[in-house]
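Lettered A, B, C and D in written order, each chain numbered from 1.
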Amino acid sequence: MLSISNLCKSFGGVVATNNVTLEFTEGSLSSIIGPNGAGKTTLFNLITGKLKVDSGKVKLDDEDITNLSTRNIVLKGISRAFQISNIFPSLTVKETLMSSLMSKNNHAEKLFNPFHSKALEEEADELLEILEMKRLSNVICSNISHGDQKVLDIGLALSLDPKILMLDEPTAGMGPEERWKMVETIERLWKLKKLTLIFIEHDMDIVFKISQKIHVLRYGSLLASGSPKEIKNNEEVINAYLGEDFEAI
Amino acid sequence: MFDFDALINCFGMASCAVNQLTSGLIIGMLLFLVASGLTLIFGVLNVINFAHGTFYMVGAYFAFSTYLFTESYLLSAFVGALGAGIFGIFFERVLISKVYGQDILMQLLVCYAFILITDDLVKLIWGTDYIAMGIPDEFRLAPFRIFGGYVPPLYAFLIILSLVIGILTILLISKTRFGSIVRAAAENSPMVSALGIRVPLYFALLFGLGCALAGIAGALAAPVRSLTPGMGFGILIESFIVTVIGGMGSIPGALIAAIILGLTRSIGSVGFPLFVDGLMFLIMAIVLIFKPTGLFVKGSPK
Amino acid sequence: MSTFTLFKKDISIALFSVLFLILIGFFVEHPWPKDFLISIFSFGLLAMSLNMLIGFAGMVSFGHAAFFALGGYAFGLLLQSESFLTNFGALSIIVAFFVSIFITGIYSAVIGAICVRLNEIYFAFLTLAFQMFLYSVIVSWVSLTGGDQGLMGGIARPVFLGIDLSNSLHRYIFCSVIFVICILLLRILNKSNFGYSLRLIRDNQERAEFLGIRVFRVKLICFVIASMVASVGGIIMTLFTSGAYPEWAFWTQSGEAIFMIMLGGISIFLGPLVGTVLLRLINDVVQMYSSHTELVTGIIIMIVVLGLRKGLVEYLLEKTGILKK
Amino acid sequence: MKNYKNKIKRRSFIKVAGLGMATTALTGFPNILKAANKPIKVGVTTILSGRVAILGQTVLSGMKVAVDEINNAGGIDGRKIEVISRDSKAKPDEAARLTRELVNNEGCEVLLNCEASGATFAVNEVARDIKKFCIHCISETSSLTADPKNRVPWVFRAARQGIHDAVGGGIFASEIAKKNNLKKFATAAPDYAYGRANTAEFMEYLKLFSPGINVTTQTWPKIFQPDYTENITALLNAKPDALYTCLWGGDLVAFIDQASLYGLFDQFQSFAVNLGDLPILTAIKKIPKDVYGGARYHKDIPDTQANEDWYNKYMAGSDVLPTNWSWEADTGMRFLIDALKKTGGDTDPMKLAKVTAGNKIKSPFGVDGTMTIRGEDHTLVNYVIAYGKTITKDPYLANIQQSNWKDIYVHEKDWKKRKKYI
């Protein structure tokens, strides 16, 4: 479904992504792991159009989407959530989702249509239901808990009706209990919406529990790819993780 | 609008070339002193001191009063700088530090209010009248003649002095303990506080230093520029242009940009006298469009 | 469903306001309230449209008054042109009105296309640079604009549809209607889908992009609309003073508009309008009782900024518990 | 007087303030109290803040001389003159707005407009609109009254007019140019309407009276520019025989100080039309010798007892020296008072206009002790236009020559024909 081939990116001489080739099949749940500075977030940024690719290709269903604008990539069905929850502080939870749905419906530039319409509100309510966030609908986003902000962030990505959902460290900054609740939410949504899901994660317990496939990056290059079982037994991965970078995980 | 013949003629004559180049330098160097303070404050405190021209004015008025009593140009320049510096520290501690890290509009308004208040205070103290300090006797000399061009001794002195002050400032920021603390605090102020250093004190001193630079420019120029309440306004706009072109936070950038501006004006007065201001804003716009961070600062805007 | 039915409430408030303003015109003999209100209409539109940039979209412009001036100058110049007046006769005012807004729209689209790519302080400085550039042009193009003396000799105000704009009552009513229409337009834009796109951009431009918002386009549209509304303010001022002046394009005019916004509060829709009224009153009252206008105004600003740390309207609403934050 | 008035008003302000601004806004500004023998209120807008605030100050002090005289003499049929002034901050739209407000709220019945040119044109339109008698006291722009398009039946000018100065100055300078064989002229003028028009008119008449003169270099510093170095060196490069400048106020002071550093005044003859204002002459620490300057206001020009008396009265009520604007404001006020006397205090604009057109009053600033506001174009004539040469000691100007108004009238008429004003 999504395939990237020979992707390269460097910043003023520092290589951030080095000749990475990966394949994500439809409906799969894959994770990307690697030490800090391995180029995981850069990879996300290259796929979603936030950064321009130096060389290499990104393809979605055999269509070349390399270096398209963020908006066009979103329209093609790839959306993402962020490492640090990335929301709209002055809007309420429901308004946030409504805004995002408005954008999906391609109504964002309608000058004279009232934002608060019944259809949009119903759509947002539905989404709130799925996210189990109904109780928060009229709370200003900057006032909800960190965990809720992260769920909302994912909700925003989900509201665009993506084929592929990319999550950058969905459990970062959470306590253990919250983490597992988040993992459950993610798995539930993945199944419910029949998504292709790609996520970056540091918590190995989570990674090995839910991933179908794991890709390991190091120094911008792909170190290994495979099922959790294969990765667990991969000599190079073990070395990498037992090496000096281990602390950083 | 453009008279290129006049330009070519001028640069064909040594005297004309000397006259215009040195006048570009003198305009540029005094501007640099003011702009270097502005850029320094922005670079470290991330605050745009819209009231910077006020300190130029205050420096000039302090120098004027000192000169009345002492008749000493250098002493009055020193008092002008010191006065502006102390006034700057007062402004920083009491007013502008209250809006650090806030909306730029808040900073703008605090500065605007401060300009209004200070201008009126100057009127109350020194009168609405324009005042001339007069050229000190030691500089009442015939101009130097270089290749037929004229260079007044006072201006030669000012160019050199401004350059020295500029270099000392750069050294102060890059080489001394004060400089390294300030730079570190600019990067990570909580960390530096944790080391037991009183960051607000250093910020205040730095702000005072920036204001003193504007003040000394005003004080040094006082003999040849008439003093009026509100005189800081014109110089403020020009030093903004310098700061934007040179890159906010870069003192060497300010130096180069100030000289560019000085030369634009001195060459412009021969070649395109009616378009000098328009050209200055145009240069600023072009820099902002193609390299918003300024010519001498690396990186791209947020 | 049409926009009219959907914004029923806002439209009825607008109708009511027009009615109220017209009643003032008819029943208050004293000319002062009309003069006062016309200047509020004019500068109010400048402040309200600037708040569409600053408050709705988070684009801090230091050069918004350029469009106010451009609208005023275009309108004044058209109505001073003999050939324009003979061509359009009684319709001159209406044609000049729309043409001036249109010219401002085109100009702001060009300036906006260059400026809106930049963020925050760089956007602010670039708009300032363009404003000062326009100011330089106005001041040095003496043969067209009259330079620093402004458009001299008054502008023609031919009667149309029985409306005679040299009559102060007619002029007042005409300006009130235009003013309310513009405010209603801003209100609708604020509450519309587009308004929420602006909020998204203001709050978090990067995330808005990842929601598929065309940030550049939305910002540019916002910039152009705000500029056109500002030009209406300039047109009202030109009608009122029967001239146009380069001071309108000077940066202090933008600065004053920013102050009006901050005085009222950027997060309340009508805050800037209240700010405009307050600034005018402060100005007038201080002028009457003190010769140190600058000192007193400066101190008042300090108190608002450092004491309240928000607009007066915001402060009062929060104090009274109507607005919770 | 002004301070005294302010004090009273401030006290009442404290009481009123309690009612709150909202009340003030609804009721209009409190000026409803009208006594039986109410004073005649004269609305004045001028520049009282910013860089040229000093000029506005000298306007108020100047007209105070005339106002005190009439009020001490019992006023006009028992009604005193009260000046209500506002600061326009030199902004035309503000001047227009304040003028309306002075009439509408303060109850001013007549207007004395003391604005520079831009704002004067704005006030001119307001006076036309609201039909109030108005005298412009400051703007020298010739077209204000010469161009029939701008003329309003009930509006007059009691100030210098650019074209008069240009003819007078042109004749004066041409004689010097002929005597000293000055051919190549350079000019330095502030880059705005006044500077450009003044320079063009002056050079036009200089060339007319002394053919063979040409302008080789023109430099245009910005108004309020702090530094003139590049303009000064441009002048030095051109090596002209003579320089003409119409810089004024603090700008002229700075220009002269900076030019002295380059020894500019030793190298060629200079004419500075605005040099003769007293505050300038006293502000410059070392006045260069032998610069020709116009007397804008000078206590010794004309050297009469009347002028001396006026100067002393002025200085008794002011802490700044009188300027050109002072005598103009005084003159405007005197014409107004004279007109009011003739109408018996009636402020009907047409009645006042009727007695003002062609009116002649006694004045220390008139050539023969009188000045006239011409009926045909509503502008002041027969005021002193004089030029002299700087000396380094008080009174700083010597060898004063007065221009002859007969010459001026002839050339003014030609000029008007050329401009198609008549």
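A few remarks follow.
Criterion: contacts are C-beta pairs under 8 Å (C-beta built on N, C-alpha and C of every residue); 3 or more make two chains touch, one makes a residue touch a chain.
Here the structure is a predicted model, which means the values were calculated and not measured.
Under the contact definition stated at the top, the chains bordering both subunit C and subunit D are B. The chain with its C-alpha centre at the largest distance from the centre of subunit B is A.
Chain nearest the geometric middle of the protein is C, using mean C-alpha positions.
One inter-chain figure worth recording: subunit B and subunit C are separated by 34 Å, centre to centre, where each centre is the mean of the chain's CA atoms.
Each chain gets a centre from the mean of its Cα atoms; for subunit A and subunit D, those two points are 73 Å apart. Mean C-alpha positions place subunit A and subunit C at a centre distance of 43 Å.
Annotation for subunit B: residues 274, 277 touch two or more other chains.
The set of subunit C residues that touch two or more partner chains comprises 140, 294.
Under the contact definition stated at the top, not a single residue of subunit A touches 2 or more other chains. Touching pairs of chains, sorted by label, consist of A-C, B-C, B-D, C-D.
Interface of subunit C with subunit B (complex): residues 54, 60, 114, 118-122, 124-126, 129-130, 132-133, 136-137, 140, 255, 258-259, 261-262, 266, 292, 294-295, 297-302, 304-306, 309.
For subunit D in complex with subunit C, the residues that touch the partner chain are 2, 6, 9-10, 13, 21, 24-25, 28-29, 48-49, 86-87, 90-93, 96-98, 100-101, 104-105, 117-118, 121-122, 125-126, 128-130, 141, 143, 147, 149-150, 191-193, 196.
Subunit C meets subunit D in the complex at residues 30-33, 35-36, 39, 139-140, 142, 146-150, 152-154, 166, 168, 237, 240-243, 245-248, 277-278, 281, 284-285, 287-291, 293-294.
Across the interface of their complex, subunit D is touched by residues 10, 13, 15-16, 19-20, 22-24, 26-27, 30, 123, 127-135, 139-140, 142-143, 149-150, 152, 154-155, 221, 223-231, 233-235, 265-266, 268-270, 273-274, 276-277 of subunit B. Residues 3, 6-7, 188-189, 191-197, 199-200, 202-204, 206-207, 209-214, 217-218, 221 of subunit C are the ones touching subunit A in the complex.
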